[in-house]
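Below: one structure in structure tokens.
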């Protein structure tokens, strides 16, 4: 079953759902389906029950930073020419800023039809940590396999899954505040780092510990270990 | 058009009977932290267990002790530079990790693989399956308290396969062998004969192992009916690999995706019907026998030829923008790599679908109501490697 | 009947017990410091720098192009380019590494540096016996410690080294031919090259410990 | 006296004679005390040395079974390994958890070792070589053995660790449930000998029919009794496959997880001493104690204590062999096995022993043999079948998808 058929079938069966096909230019032709957060659980349930996508293999997040698209357009402007004001076509760069968002990708397979993958995507409204912007519905009630993987996405990307039975950090410790897989994540320089003498981390670490020399860094090798 | 019934959230809490006995007198419950330093957690894995006597009432796995944010490292690394890092995911089977990653990149960029390289990939991957399963059954018996004997037998055989890997790839465990569009080096002279000899000798070990333990009453008592995983839960939780097949789910990616040149080989997929620890153990033993069949065919048919796509070069690889999910049947289950390229030399997004982590989703379901001793055995039968779980 | 499986297992362990005294196949232990396994040709451990001839600093093939430094996945290579030039393996005047360090506590033996090196200057060693009591400076190998002769390379990886030598010889021959062709009309230039090569200051010994 | 010692048959009695010679030189008032000390000191030397030999034997034996060499670096063939281990244990830091009950934590290993040694008081290790010939010797042995449970619980409780508590719970449950079959399995030998004295029991098995010894092992109830005793003894001495209290892969080291250094070594020592003592009791009850296995002069000329230690060594090797082969049972299975299989069989065995005693022996010994064996074999088969069937243990067949 190709993606367009699935889309049209879903649009009939789940009234009101907004679906969008994202083309994938890679030779593997794995085009994906973006589903709106509101109808995601219904769509997922339909996919599982009627289209036999019973095997949700992979769940992961993607961080899309806000970006500025710049395009050159020709604008007609009145310019002071030698012969007085005249209308002229001028090249101008127009910048449109696309807001950043986070995305969850579910790779669905069917064990009965042996088809797949069907990448199903959901997008958040924004990238702000915490709050409404990063809220998405959890698909754990539909596919149990999402349980740990959604926890991981929550941990590393900071997407909150509504309806997840046990949404805690998976890999980082509970007291950790940031989300390290975000593309604008800056790793702290106060963690214990095995000093390799050729690393800028060493310089940062030295800076950090210069005020409070820890016992582990009492006698660091000077320079390049020469 | 039939109506959609919304799913009920999964029961992640213990069955009512257990909960009742626990809530009646909470003071008799014992909270125990199994791990992170524990001989049977196969690394730094931790389970927070609540016990009623020795019976498990609740079990919450705690991950992350070996977390190094592999995916973040990979996003700052070139495509080729990631290859040695994949060795360190499931450090017992580095060659299948290499293959999964190479396959995903090849799908992403549309790179063909020469025939001899495909054969070498199948040979190394099936040898990896042998050594992984041999090590696993050894560890499983070790967890059951056999003081090392099955494990040492398994390691004795594993050593022979590791010698093969060293002769081919230069390293015993961190092989870093596959490249996008083939393999790094060709098999040295005599290597194939050496491999044939190892493959021919391997059934002797399996026979010995079966004599030692398969009909052992203690083993059967400890494993039969313990940690039963139903087929439905296995599908819903995306359990893959031998664990899924032990529950009767006929899903072997070698057969489903037909990646590489697997359709050329005749082999069967063993299926269990009970889904308990004994089935998981036996499925692995049977899979080893099937792998031997594939190896015999591959070592017989391997053609001469180039091993690397002529267009592939070590430096300056920049796939066109796009994304791809590529997966193979690794010894532990479905190992997938999800890559998004933005046209730069580093992947924009690099995701590993770790079979070990996802197979652990059902750990609590399997363990509830069993003994502490069973928890260890069930965990052993899931077959995890923490390098892959925590990444 | 309970116990038949157990008896079978007991028979199996007993068999292994006795066979371990007779069969070499069963008792595979190698008594390490006294006995060693035969060296496998493909084996690799940490990288080393190849030099031709007898002098390590004069014959070093590395031209400090810094490709390996850039491609090294864990970033354990550190190179400082020289200010002056000296003739390389083929005879062309090239830069050489004033400093070439590998932190083997970080190196993960992936041999990507070997694959990307266009000058066959860096190769994988098989030496694994590198204990030290200083885990920072002791595991930082400088260019003197890293340099090993081409003969050593032939010793550990004979097939590979022969192939490399053939390729290099071909290149040298090509360079010599080109030089001869270039030398014919202008006889002054080779002398100048030789003079400039001779005046190249050799790196001081004191730099490396 | 010296003339008697030169006599070939009396090499056997050399230690006894030496003791008498020493006692003759002590003042009368001190003689009881001196007698005790002279008897105890060799015991304190011999059995710990045996422990040292056993550890190296075990490691080497297990190694060979697993196709390894085992320890081979300290001394010739690694024979001095126990010395190295001992030194290591002595110089290791003795860590006591801050939350532990210091006093109990300290005394647990001491009591364990002491109790293990006291049990040797009634075990005859050679002809006329027993420290005290109590007329309730077997009873004394079991009574002292139960002190071991106390010390195990002391260790588990006082450490204030959840793992050690679990280990202690397991140990108590296991030891108590296997104490019963252990005692019941020994009853037939006591019935037949008509005495609780270990010396009397050995003497009752001393004769030979032709060259065949009168050991209780060679009777139908003896075989079954010995088998049951062996299983119960394995469990009682926490040996694999019944090593649940230590359950290395589950609760790491069980009740002595919080002990280190020399105290840990003491636990280790006491466990092995307990194993030797139980094995020695088994030898006494079923294997004719120190008597030679065949009534030929080549064998009988060998001193009795050598036979005793040879048999003990046989037991040790058997335990090592079992340990190298079998995985561990689970707690409930262990209990089920004790109460559902061993206990009924032990009770039946007592009945059969009575039958054996009252059936006429002289004209139709073979019929007596067959009858008793049949009475025992039938329930044994039935019980084991039912045990297997109830659990539905099967070697399964698998189907394959193409």
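Descriptive notes on the structure:
For reference, chains read A, B, C and D in written order, and residue numbers begin at 1 within each chain.
Convention: a contact is a pair of C-beta atoms (placed from the backbone, for glycine too) under 8 Å apart; a residue touches a chain by one contact, two chains touch by 3 or more.
If you're wondering where the values come from, they're calculated on a predicted model, not measured in any experiment.
Relative to the centroid of all protein Cα atoms, the closest per-chain Cα centroid is that of B.
Using CA-based centroids throughout, the chain positioned farthest away from chain C is D. Averaged C-alpha coordinates put the centre of chain C at 60 Å from the centre of chain D. Computed centre separation for the pair chain B/chain C is 34 angstrom, with centres defined by C-alpha atoms.
One inter-chain figure worth recording: chain A and chain C are separated by 42 Å, centre to centre, where each centre is the mean of the chain's CA atoms.
The geometric centre of chain B is 44 Å away from that of chain D, both derived from CA atoms.
In chain B, the residues that touch at least two other chains are 149, 153, 156, 212-220.
Within chain A, no positions touching two or more other chains are listed. Residues of chain D in contact with two or more other chains: 65-68, 324-326, 388.
By the touch criterion given at the top, residues 62, 65-68, 162-163, 165-166, 169-170, 240-241, 243-244, 247-252, 323-333, 388, 391-396, 398-402 of chain D touch chain B in their complex. Interface residues of chain D, counted against chain C in their complex, comprise 61, 64-69, 321-322, 324-326, 341, 381, 384-385, 387-388. On the chain B side of its complex with chain C, the touching residues are 77-78, 80-85, 87-88, 149, 153, 156, 159, 163, 166-171, 174, 176, 184-185, 188, 208, 211-220, 314-315. Considering their complex, residues 12-14, 24-28, 30, 32, 41-42, 45-46, 48-50, 54-58, 60, 62, 105, 107, 111, 114, 117, 119, 140-145, 147-149, 152, 156, 163, 165-166, 169-173, 180-181, 183, 185 of chain A touch chain B. Considering their complex, residues 1-3, 6, 9-10, 12-14, 16-17, 20-21, 26-29, 31 of chain C touch chain D.
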